[in-house]
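These are the structures, in structure tokens.
Each of the next two complexes has chain A plus one more chain, namely chain B in the first and chain C in the second.
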Partner chain A sequence: MHIMEGFLPVSHAVGWFVASAPFVVAGGLSLRKIIRERPEARLNLAACGAFAFVLSALKMPSVTGSCSHPTGVGLGAVIFGPAVMAVLGTIVLLFQALLLAHGGLTTLGANVFSMAVVGPWVSYGIWKGLRSSGASIAVAVFAAAAVGDLATYVTTAVQLSLAYPDAESGIVGSFIKFAGIYAVTQVPLAIAEGLLTVVVMNALSGRAGQPDEIAVLAGEAR
Partner chain B sequence: MKNSRTTWLLLATLALVVAPLVIPGLGGSFKGSDDQGTDAINELRPDYKPWFEPLWKPPSDEIESLLFSLQAGLGAGFIGFMIGRRSAAAKGSAKQVSGAVANGAVGDVNVAH
Partner chain C sequence: MSPIDREAHLNRWRSKPLAEKALLALGMLVIALALKPAVAVLVASAMTAVTLVGARVSPRLWLGCMTAPLGFLAVGVVTLALRIDAQGIGLAPGGFVEAGALVARSIAGLTCMLFLALTTPASDLVGGLGRLGLPSEIVDLALLMYRFLFILGDSAAAMNAAQAARLGHATARQRVTSAGLIAANLLPRAIDRARRMEIALASRGWRGEMRVLADRSAATASGLAVISAAIASIALTGFFV
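On to the complex of A and B.
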């Protein structure tokens, strides 16, 4: 999902910065509120950031014969809400842009939008929707992480097709091409991320299957 | 039951990652999707020149893989610390409870964990 440095036209690069900025600011406010109201949640917040740090470094093989990486932002989105992940995801993307030449500063706005905004919000929506329709915590967390991961890669494909429409088939044709590269490759990795997110959530909380599992991780219950 | 579920989930994750490497007919060059995306841009717009270069690039593939492993290692290390901390806290409170049972004072114990 990393759009490489300099690979978005200036107008698109600026546009995605403008689109991402309010989410990052809102995330900063949400982060401050959580830390002030529930200081004991700080370590679990850091663990959610660490999870995104690990998963986005792991490039794994996929059935399409190419490699890609999960994002790891679903866990934090479920526990602390999607807003804070805009901040934690931006930190991960900055690290990779500055030290790994992976992604970039000019494309940071677009990459933040796909990985740190769309991914977490989709995860959160799936989590809320499934929980209110009676799914278990494990099933809802699995689906939230997996679908959020996939949504990030679909967003990258949309961003690139808007910037590079095909000469004949236009944006749609270009989207099909980019979605084939990003989204299809991502399907098995998204499922793997969903499974791993459930494992890590259970291990961090130590209360798998109990109704207050997420509240305990969020520092709302003891 | 909980631990066996964790085991099955981890095995399923492993199978998903290993399958493309071992199932005949699948597989390929295993190039990164981000690089393929860049290639696709070059195909759609052969004349496009990136207008900004990374400020710093890892000088070799070895340094790059060092930094990627550092990223994964730091994150995994912290998560491991958190799981260990939780498990130690659970043991501590279990000890408290069993000590209290021995003293016949179980009703007074706050079973927090």
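On to the complex of A and C.
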């Protein structure tokens, strides 16, 4: 869920830039290392980032009637690991603001934090945790994508309630309001994205295009 | 795939210096967010005029870009104006004032961002970030991604049309399956495409660096001064209104 341009006060916008900077810089350093060692990985990474962007432009029905779009956060985190996703996600979010007028420039820091940092790390943690505890791939993929989506949405609600605390009940009351209103669209969307990601993973493993290239990227990225 | 990108390449201010457009958009954005709501109202009207009259951006496209984020804004405003307590749902004290300031700021911010997005191609902006010191690896990655966006976007649109023609969007269940099939077919294609491009570039001696001739005009001191003066005068006017 993208926070629109101008929605956050200056201090909050700056604060979220500062909060997400270390993750993006760390991801940038590991990306740089990958690219130095294997220049050809650059094209793969660019193709995968573009894939995430196109996926987000895809219309998907959600239960509340409105068409929504998948974020691809869970899929990317499972395939590439969360460090690289921070950088790819930041570039994708910048292009979404500039090419789709979706999100914003001053709110980029906050959006990066919720969608390119928290979402991927939660997805990745769930995926690793469930796989090591013996869950099937389908269950682990579904949970990683759906919970990653929910984590992103809860983070956004926290960001909004920190910026606009309720006059009486404070940040907690404001969080309940924002989270409650957005739950109407976000909870069905998270479930839909979980199902979608399972379909994608099934189809991918069925045809296994160039498994070694994804594995190399993922292996080196982690 | 992106009408915003087409407009960014075709508008009347396409060849204006990047630094001047960026200063105008970002300077206005900062004063709209940092100062009083009155400043935001002035910024919104100034940036709308500059975008539609100065750069001659299509008003229909501009309006279309404005409406989508307004849904998000509407939800935010409702949340600020209402309160939930033991008696149920009511109007929050002072909520309307706060919500009005939020609307002014968000719309002003949106007009600034749309000005930049609709007058300047994203590739120019990324190139500008590179000259400001963003590592070249990241800049090249972003530029390659920009190129891939359109290749993959065309593929996805073709797949989508093919599915729609075969009743692939008939039911909600079918739509999720269709969307999943697009995603699953697109990723191997994207990677395959990347590999073919890599082979083509490697056979031409590519070392991971794109050198292209850009016909950009340098920013002039007078242009930057005029823009700074405009920003300062709007900030001052808003201060006394």
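Going forward, the second predicted complex is superposed on the first by the 170 of 222 C-alpha atoms of A that agree within 3 Å, B and C clash if a C-alpha of one lies under 4 Å from a C-alpha of the other, contacts with A are read in each partner's own complex, and residues count from 1 in each chain.
In this text, a contact is a pair of C-beta atoms (placed from the backbone, for glycine too) under 8 Å apart; a residue touches a chain by one contact, two chains touch by 3 or more.
Because the structure is a prediction, the values reported are computed rather than measured.
Student: Quick check on the superposed pair: does A:A97 touch chain B, chain C, both, or neither? Answer first, second, both or neither.
Tutor: Once the two structures are laid over each other on A, A:A97 reaches both partners.
Student: Touch check for A:A140: first (chain B), second (chain C), both, or neither?
Tutor: A:A140 contacts neither chain B nor chain C.
Student: So in the superposed three-chain picture, is A:V122 touching just chain B, just chain C, both, or none of them (first/second/both/neither)?
Tutor: neither
Student: Which partner does A:P188 contact after superposing on A: first (chain B), second (chain C), both, neither?
Tutor: first
Student: Applying the touch criterion given at the start, work out whether A:V158 contacts chain B, chain C, both or neither, answering first, second, both or neither.
Tutor: Neither partner.
Student: Look at A:V10 in the shared chain and tell me whether it touches chain B only, chain C only, both, or neither; answer first, second, both or neither.
Tutor: A:V10 contacts both chain B and chain C.
Student: Once the structures are superposed on A, label A:V78 by its partner contacts, choosing first (chain B), second (chain C), both or neither.
Tutor: Neither partner.
Student: Tell me the contact category for A:R32 with respect to chain B and chain C: first, second, both or neither.
Tutor: second
Student: For A:L108, decide between first (touching chain B), second (touching chain C), both and neither.
Tutor: Once the two structures are laid over each other on A, A:L108 reaches no partner at all.
Student: Counting contacts the way the document defines them, which residues of chain A are shared by the two interfaces, the one with chain B and the one with chain C?
Tutor: Shared contact residues on chain A (touching chain B in one complex, chain C in the other): 2-7, 10, 43-44, 46-47, 50-51, 53-55, 57-61, 95, 97-102, 104-106, 160, 164, 166-167, 174, 177-178, 181-182, 192, 195-196, 198-200, 202-204, 209.
Student: Can you check the complex and tell me which residues of chain B touch chain A?
Tutor: Chain B reaches chain A through residues 2, 5-6, 9-10, 12-13, 16-17, 19-21, 26-34, 36-38, 40-41, 44-45, 48, 50-58, 64, 67-69, 71-72, 74-76, 78-79, 82-83, 85-87, 90, 112-113.
Student: So in the complex, which bits of chain A are touching chain C?
Tutor: Counting only chain A, the residues touching chain C are 2-7, 9-10, 13, 28, 31-32, 35-36, 39-40, 42-51, 53-55, 57-61, 70, 72, 75, 87, 91-92, 94-95, 97-102, 104-106, 160, 164, 166-169, 173-174, 176-178, 181-182, 192, 195-196, 198-200, 202-204, 207, 209-210, 213-214.
Student: Quick one: in the complex, what on chain A touches chain B?
Tutor: 1-7, 10, 43-44, 46-47, 50-68, 95-102, 104-106, 138, 153, 156, 160, 164, 166-167, 174, 177-178, 181-182, 185-186, 188-189, 191-192, 195-196, 198-200, 202-206, 208-209, 222
Student: Along chain C, where are the residues that touch chain A in the complex?
Tutor: My answer: residues 1-2, 4-5, 26, 29-30, 32-34, 40, 65, 68-69, 72-73, 75-76, 78-80, 82-85, 92-95, 98, 102, 105-110, 112-114, 116-117, 122, 125-126, 135, 137-138, 140-142, 144-149, 151-153, 156, 160, 172, 175-177, 179-188, 190-195, 197-198, 201-202, 206-208.
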